[in-house]
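Here come two complexes built around chain A, the first alongside chain B, the second alongside chain C.
Take a look at the complex of A and B:
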């Protein structure tokens, strides 16, 4: 009995010691990847730029730490026949094990996105257990993805953080971009009746300057990365970029606008009044009784007057009402223009098809095959806007009116 | 005389040896539940194999038998006192090895003609000098009755009834009782020609006075703590519970030390089975000495293969009173301020008397904090190890970068680093604990500054690790019961090893094993995790949360006996009915003015 116990406990202990520390990896043996950029070269090989964090340079709080002296990231590039192939090739350039879970950004080059359906490209990321599906996906507009990753950023020590946070903030403030994560994109592109959109970023300035630490040692960096509207996809391939009011129109119909400004004309003064939307809700409904479905977009916007460049009597309810009407008209026009232009592109990024599918699945079965090319462009889309002015800021009548009176 | 002393020294040594061996032998026998105990007593029958060993023991035993081991010896030779005073005194001298602190004071009574030899015997230091002088020796010398002609029996009666002005007085006839009383600080009065001796209770001497508790400190509540005196301690509890149902049973444990041990419980509230169990376990103790209640604790535990305490101990009389009122049994041991309470449950170690003195919302919040603290002190470094060596993805990126930057320069793996720091800390703590207070401060400076700061600056350990160790250390100090904190301290290393081997997976496995182990424990038959496992819904109100005092309906059902009602109904305080406030108007005010 005693021997049995000794044998048993020896087995248990050796089991722990033999199998223990199986997947142990010290933090100092890892290269934390913060962002990945993918392009394709002329030969058709994939090129991957991997942005690796230099922890010592990022956290400057440490004694003797060279924070601010050397860049917080290092970018290594490799090429190969497949995404995983590139990844394996990249290990030749770095002394540590590449570690994916902290990567929160994937940048795709414009050329690659135009040539290849993104879904096929993203498979390896989706398949990899180490890679977070919540990483943001963006398109590099007019430049290779690698360049976007190489540019050092002011304020944020990690360029990937800069892009990630810029996207988040501008989505909330301006409503011309939306954050789309890897899993969002894959889900959308796999869903019937909707095409994905992604935010796009552009590089302003020279990438050679942007790579240097000097770039961020000046009050106005020479080279900077900035958010620039949306990339529109058709069948997972990039077809066009939208920016400005067009991009906002898309975001609006997708019901993702959180806050945005609409400029209103007031009595001959163009763009005189800034109507700031602080809350909105948009719903899309479909009427499938006819052969071709009819789509209605209902927008309910609530906002405030933030700026007036023309004298306007804001203490008069009739004036406020009139302003509301103007805002409704303006928003309606913008949205209709966006829908019209997108119909010309023949890609249903608004998910009207999905609405039809949900409303009438049988009808959708008949329509779905040529939805993007035949039916979507000919849809009759009606936009209803209900705008409401909640408040006019701290003033009622603008001081302009008083000044005017003074000189008259 | 000199020679005599030597001999008696030798005799004493033999005696000790014999006693210890005898105790061990009989303890062993008892364990085996063999009937050979009687055989053991006959020399040579079952002991032939161990003849060399038993040689001295037998020698000790034969001497011993004259002094009298209660049961067996009385059959061979009566354990009675001699008639002659000289013989008795000689025996006392021999038995105590002529120790100078055993004072023998001969006094002559019975008038000038028929002088009657008497003697007062006591142990210096153990007795209250004043009562010996004022109420015993002076009375014996000056009492008029005693100056008449007296027979020993008459003298005995007179002394007992009229002379000695001391509360407790009794006659003893056996040597065993005589020595037990003498050594516990009572004074003996021996009279020539009498086979009896009188025993006056004169216990006293220098003792530590009642002071503030040092271990279970509370901001609010009684500032008294127990002392080393059993009687004082019992009295302190009696002062809180003024009820005849507070029962005390006393016994002497330890063959050599004859330490007084007593059980205290409230009749009608304490469960009879538990009281019986405690009594039986105490009676089973057969050991040469009881030096602290820890001896008893270790000998009466249900489960010895655990780091968790299954008997609660405290210095606070109010804590003892509170537990007695829940139906627990207290074990007082003479010579220690720590009183044992049984049965103990796990959650009890997270409770402090103050929880009941403060309002329930505050107590509940603090109890939550304590459980958190315990958890931190248990798994703090283990979580750090698991997160930095297995699950780097679980650390938020910003933090991961900071930790990674710190780990860049550190030469050891996280586990080794953690072990170094934890062991260093344990060394510091142990050093600080044992040293005099003046040097203690130096140790903390050396430890805190030199070891902590310098180790980080030299890059041997990372600052994050130091923070984790420091938080863990503070957490282990913040646990209200030292007994449970010390077990967490030990188990922490186990957690660290399992986390270093299998990451969070190992950590959770170890945690599950710990919980299973905790659920398997019993304290005097009561599940250790009750009322959490098994769940007793009505009693969950006094676990991690504390119900308002007015909602404390009953005593714990597993511990308390039939009388479980703690308070009456409708105990929730209410404001009085309206005192006409609604009729009070401004108008009335105006009228008055």
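Take a look at the complex of A and C:
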């Protein structure tokens, strides 16, 4: 019995020494990648900018001093013939082993995305078990991807985090961007009858200033990075950028709008009333009985009035009803414009083809070959909007002179 | 045969773990596209049919190992040859599963570790369990079953709550009609994983209450059919058919897609735990069956003595059967179901049953004549 216990405890103790020695990675030997940006130079080589976290400089500021003197990240760039080749070349510049699992952002330069099918760039990330397939994918509009991840940001210590969170917040508030992960993009571009979209970010100001720590040591940074609408793809290549209401139209039809504002005209006052959509649901259906399918987009929006610049009696249900009609008309027009213009671009980013495929697979077989070029642009698309105004905030009628006179 | 007893419930658990084993980690029945889950359910129904053949054989000789009764039915020498072929078949299947799991571990976690080392660890574990006997395996199974059930329930909850599931991805279910679904069911899912229940011919005589074997078996196949179908439906719903088709381990990608409340993410360990549990049971059972059958056939008194030598055979076989992972997988999809599973799971047992049926009928008549 005693021998058994000795044997048992020896085994238990030796377990502590035996585990985890094969290909171990110490934290102090790793360079944690937070973001990567991919571009191409004139010779056709890939250029990859790798944003690495400086652990010492991102530690919490509670202890005072220490962090904040130097940037939270370092960006190294390398060139190569393939994405993995670049990655291996980059090891010449950094004293630690590059470590992928913490990367949550991939930025692709506009030029590269226009020239080369995006999936060819993403293969190495998708194939690598170390890389997160939930990392966000964005396009750098009008600037190289490398610049976007070099710019230091106020509030957030990691620039990658700043882009990641900005995207998340603006998607919820404004509805002109959507978060698209690596996996979402690959999934959508492989699915029949739908083309992917990505959010785009632009650089405002000079990248040389943005790289410096001084950029964020002022109340208004010289250089900032901001979300700027959607990048539209066709057959895996970037074809156009949408911004403003066009971008929101796309997000809306994809049923990804969470909250947004719609400006309504009232009598002669243009954009006088701000209608805030608090929740909405959109469904797309297809009627496949005819030769060319007919698409119906049904939108149901619910919200409140948040601002008025025109005299409007908001305590009158009839006025509210009239405003609802105005909102319906406005949203309908915006969506129809988005659909029309996208049909001219000949790329089905709304997934109308997918709706047809899911409804009637036989029909889809006849249409799929030239869907984007021949059938999608000629689709009859009907938009139905149901808008509801539920409340108007703390006040009824606005404090405007015209109304006061009427009351008197 | 060793002197062991397992309960009907333990049999149920072993069958479920065994069926889920390697089937849950691969893109099962993806040739049927959105209808994969349907193909799996049809496969399970077919599996129930095959199981009834085995059960009929078992009913004729409820206390004897198949290695013995096959000699009663088709004669001593042919019976021995058939039993020997089956031992090779089970050794090969065991090696295939070892290879599957070794390759999986290398691909997703231990990139720099040699295949031999990973396979060695798994085979060692299987050999150790076999030396302890079927009762120990059955009790281990009970423990592991609880873990696996917890993993599945919470994973499904997380997937449903995480909002990554899009039911639209499952449409159209029969885009190409019913034909590809039925074809996939009959060329793949019936045999892998459901028909592999044939291995339980060696286990059934251990069950304390033989009357319950039929109900337990059918129930276990149906249950694992539903679990596998819902796994594939979840994979398709989260990833879409195209991505599932390109993935070696779609369940891993599905689990990785879970992002909940900013901290429930990268739940790869869920997948690893489930896969290792299933793999362990499947490898051990196949190896156990070959060891027990070999001991019966060659009249080795202590079956556990064969565990090490046959373990070495499985280990070496698992390295030798294919030069690369794609080769291994293609063999599994194209060659194994048609040239191994079909004859060994369906044709041979059906023939043996036919002979047994005719013999017993004849004997019955003789009895009446007297």
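By definition in this document, the second predicted complex is superposed on the first by the 375 of 408 C-alpha atoms of A that agree within 3 Å, B and C clash if a C-alpha of one lies under 4 Å from a C-alpha of the other, contacts with A are read in each partner's own complex, and residues count from 1 in each chain.
Going forward, a contact is a pair of C-beta atoms (placed from the backbone, for glycine too) under 8 Å apart; a residue touches a chain by one contact, two chains touch by 3 or more.
What you see is a predicted model, and the numbers here were worked out from it, not measured in a lab.
Once the two complexes are overlaid on the shared chain, A:101 sits against chain B and chain C alike. Once the two complexes are overlaid on the shared chain, A:30 sits against chain B while remaining clear of chain C.
Looking at the shared chain after the overlay, A:16 reaches chain B, while chain C stays out of its contact range.
Taking chain A as the reference chain, the count of touched residues is higher for B when chain B and chain C are set side by side. Looking at the shared chain after the overlay, A:394 reaches neither chain B nor chain C.
Using the contact criterion defined above for the overlaid structures, shared-chain residue A:56 touches chain B, although it does not reach chain C.
Contacts of A:155 after superposition: neither chain B nor chain C is touched. After overlaying the two complexes on the shared chain, residue contacts for A:361 are found with chain C alone; chain B is out of touch.
In the superposition on chain A, the residues of chain A contacting both chain B and chain C are 22-23, 101, 132. The part of chain A that touches chain C in the complex is made up of residues 22-23, 101, 129, 132-134, 183, 186-187, 190-191, 354, 357-361, 364.
Interface of chain B with chain A (complex): residues 388-390, 392-393, 397, 400-408, 410, 413-414, 457, 500-503, 506. Taken in their complex, chain A has these residues touching chain B: 16-17, 20-28, 30, 32, 34, 53, 55-56, 58-59, 61-63, 65, 99, 101-102, 104, 130, 132.
Of all residues in chain C, only 107-113, 117, 168, 171-172, 174-176, 239-240, 242-243, 246, 253, 256-257, 259, 265-266 touch chain A in the complex they form.
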